[in-house]
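The next part holds the structures, each set out as structure tokens.
One chain, subunit A, appears in both complexes that follow, with subunit B as partner in the first and subunit C in the second.
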Partner chain A sequence: MNARALRALVRKDLLLELRGREVVPSMAVFVAAAFVLFRFGLGGTDLAGGTRAATGMLWVAIVFTALVGLSRSFAHEREGGTWDGLLAAPVDRALFWAARTCSTFLFLAAVQVVALPAFWLFFLQEHAGPSYPVLVAAVLLADVGIACLGSLLAGLASSVRAREVLLPTLFLPFSIPLVLTAVRVTTDTIPPQTGGLDTLGRLGFLALYDTVFALLGWALFEYVVED
Partner chain B sequence: MRSSETIVCAGLRRRFGERDALAGLDFVVEAGETVLVTGPNGAGKTTLLRILATVLRPTSGRVAVSGHELPARAADVRREVGYAGHDPLAYPDLTARENLELYAALYAVPDARVAEELDRVGLDGRRGDRAAELSRGMLQRLALARVGLHRPSIVLLDEPTAGLDAEGRDVLRRFLAEPGRTIVVATHEPAWFDGLGGRVVAMAAGRVAA
Partner chain C sequence: MPHTARLDRATAATLVAASLMAAAVALIFFYVPSDVDQGYSQRIFYFHVPIALTTYTLFAWGALNAARYLWTGREDLDLKSYVPMHLGVIFGSLTLVTGSIWAHISWGTWWDWGSRELNTFLIIFLFYCAYFMLRFSVEPGARRSRYSAVYALLGVGLIPLSVLAVRIAQDALHPIVFRSNGVNMDGSMFLTFCVALAAMLSLAVSMYLVEMRGKRVDERLAQLRRLAQEAA
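Presenting the complex of A and B:
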């Protein structure tokens, strides 16, 4: 692993976002709009499905928010014609996937810093605070999985004409196990519910999911960007 | 492949959909030689350079650079090749310095060389300007700085004179005149390179023209 090259690629993504402000603000607006729609469209905090329905909405909103960001993945390279410069460089092409995974994770985490408190305020204000260590672990593990899977598929979609359609078509089915597990774990963090050992098992599943898609991303990205 | 042959293409073919961009190209470049590849739009010049730069895979045929067969030994070739494409390959929202620092990291060369290269192409005073604020000619010079960062032994340039001002053309002339390099230039202006001792290879319809 070429740490200097990885750092430089992530720095490039962060600088481009800092100056262009294309991804994070769009994601933030999207997730906020989704919460408002859920909150007022579904009749306030008294949801029929209780906390499970609320956490389900949270993760549906997060996955679609991630898609908003992923749809701009590799956009600078594609639109600015800089792909050829990267592909001609003597580094493992999996590094481009790893860098994009890191930046996607950071963008998603930045949005969640605002989105998660807003979610609690909108939907769970009558509940006691969640179990923060479990919640943070679940969110971070789920974010890593979304970033690993999403960056691989965004790279694949970036080389085809129907990329806007292909990315969600591939991403959403593959993210189902992750979303279902993240919903269960997040629900477990809200008192009075506790999952105990089941929660630990679900966190383990999220870690396994991350590992599988990290390995797939690292191994396949070379072929994904091959022209 | 003779030891003096740096680039060898034999029966090289690259297909895009139903169209052959390269249709059985036979092409050899000797070590230290400068070759000017000319031909009308669609002749296959850019496709040839992109394959030699390992950005594109050939559909069939043989291609070897510095004795390394492509695409199998692409990683070895990438260390030896400097490639400036038709686009400047710079991120518009990064400064000239930041663009080169990115490539310095990818090519594992010291950051100090970024300043050297910017100075060499006359962009030292514009190092803090975003690439979007540079003229087309300045972007071409930035591309030359990027190509020179890792001191490649093989240089591939696609239309390097496009948009260059007088100062940029001087920079390009000095760059091409530096000894010890094998250079392949795709150009519509072969006359511009008179005096640099380049061999002209005309292409048409994906082959070397008769």
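Presenting the complex of A and C:
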């Protein structure tokens, strides 16, 4: 793997975002609005469904926020016609996927730095703080999975009719196992709940999910850009 | 002539499927004893489980041909991957319907969110519906074949992960018929099950052959039309 090329590609994505501020601010506003919407959806004063419903909302919001970001993924390549330049570079095509995965992960993590405290404030203020190491591990592992799969699917959807509609359709079935597990882990980080060994197993599942889609993304991306 | 040979194969497969299906229906309704716990209604098991296994087989077949397509680039493999997927969605819908009927009869609910198999199946079913959305959003050609194959192969990752995720997230209610230490059925039930499974699989094979033939005729027709237009 060509580490220099990867660094250059990631740096390009981050620079573009720093200069244009297209993706991260919209994701942040989207996730905050989603929390407010869900908070009212679950009842304004009394939270219906308790912590379990709240963590469910958290993960649904994260998945949709990721989709908001991913829908702009490959937009520069498509609209600016920069694919040809990139494809002319003498590097493995899978590197484009790896770079986009890294930048998607970074965008998502940046949004979550704001979103997670906001979530606690909106939904769980009266609860004691969560078990931070477990929560951070779960969120980061889930982010890696979302980024690995999302950048591959965004690549698929980017050159297709009705791409804005298609990307969520392609992505959501894959997010179900992820959300199912992440919700259980997150619920178990909130005292007095503790998952114990089960939590470790579920974190292991998230790591397995990341591994599977990292391998598939790496192997399959060259067929997405081959033109 | 290859064309008549294909016609014969499809007809033969259809005849095998029809006779096996008749045998299966006869065994299910007249031969096999009723289940001790669930009574007569448990007979839907002999439809539901073979249909579900056929669905998995079709998806595996489609994914295998998708991988072969990406590996070799042979154009006919695209159709050989798409047709099993298409049939898989039909059999998948039947699995959801029969499973839902069975759930209603034995557990009293149309859908049980605690059932591992039903929920896993639902995830996989949604995935294959998305496959069709993708396929119909791309113009026919090499790109469509490639994109379909890539998405089909992602499903190979999703299926075991869904099984695992549903399993570690909740507890079981679904009856377990096949345990790791063997089959939990008596001889006549097992025979009926095997015949029903063979009937469903041969039905899938004959549907596959018929649909492939139709698609090939379509392609040839389109080709002829293009030639006629060029000549005119």
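List of remarks:
Simple rule for what comes next: the second predicted complex is superposed on the first by the 223 of 227 C-alpha atoms of A that agree within 3 Å, B and C clash if a C-alpha of one lies under 4 Å from a C-alpha of the other, contacts with A are read in each partner's own complex, and residues count from 1 in each chain.
Here is the rule we use: a contact is a pair of C-beta atoms (placed from the backbone, for glycine too) under 8 Å apart; a residue touches a chain by one contact, two chains touch by 3 or more.
Since this is a predicted model, take the numbers as computed values, not measurements.
Here subunit B and subunit C are compared by how many residues of subunit A each touches, and C touches more.
Once the two complexes are overlaid on the shared chain, A:Tyr209 sits against subunit C while remaining clear of subunit B.
In the overlay built on the shared chain, the residue A:His76 is in contact with subunit B alone; subunit C does not reach it.
In the superposition on chain A, A:Lys12 contacts subunit B only, with no contact to subunit C.
Applying the stated contact rule after C-alpha superposition, one finds that A:Leu86 touches subunit B and leaves subunit C untouched. In the superposition on chain A, A:Arg4 contacts subunit B only, with no contact to subunit C. Within the superposed three-chain model, A:Ala162 lies in touch with subunit C and out of touch with subunit B [touch as defined at top].
Subunit A residues 226-227 lie at the interface with subunit B in one structure and with subunit C in the other. Interface residues of subunit B facing subunit A in the complex, by the touch rule stated above, are 50, 53-57, 75, 78-79, 81, 83, 85-87, 89-94, 98, 101-108, 130, 146. For subunit A in complex with subunit C, the residues that touch the partner chain are 149, 152, 156-157, 159-163, 166, 169-170, 172-174, 176-178, 180-181, 184, 198, 201-202, 205, 208-209, 212-213, 216, 220, 223-224, 226-227.
Within the complex formed with subunit B, the residues of subunit A that make contact are 2, 4-5, 7-9, 11-12, 15-16, 19-20, 76, 80-91, 226-227. Partner subunit A is touched in their complex by these residues of subunit C: 70, 123-124, 126-127, 130, 133-134, 137-138, 143, 146-147, 149-151, 153-154, 157-158, 161-162, 164-166, 168-169.
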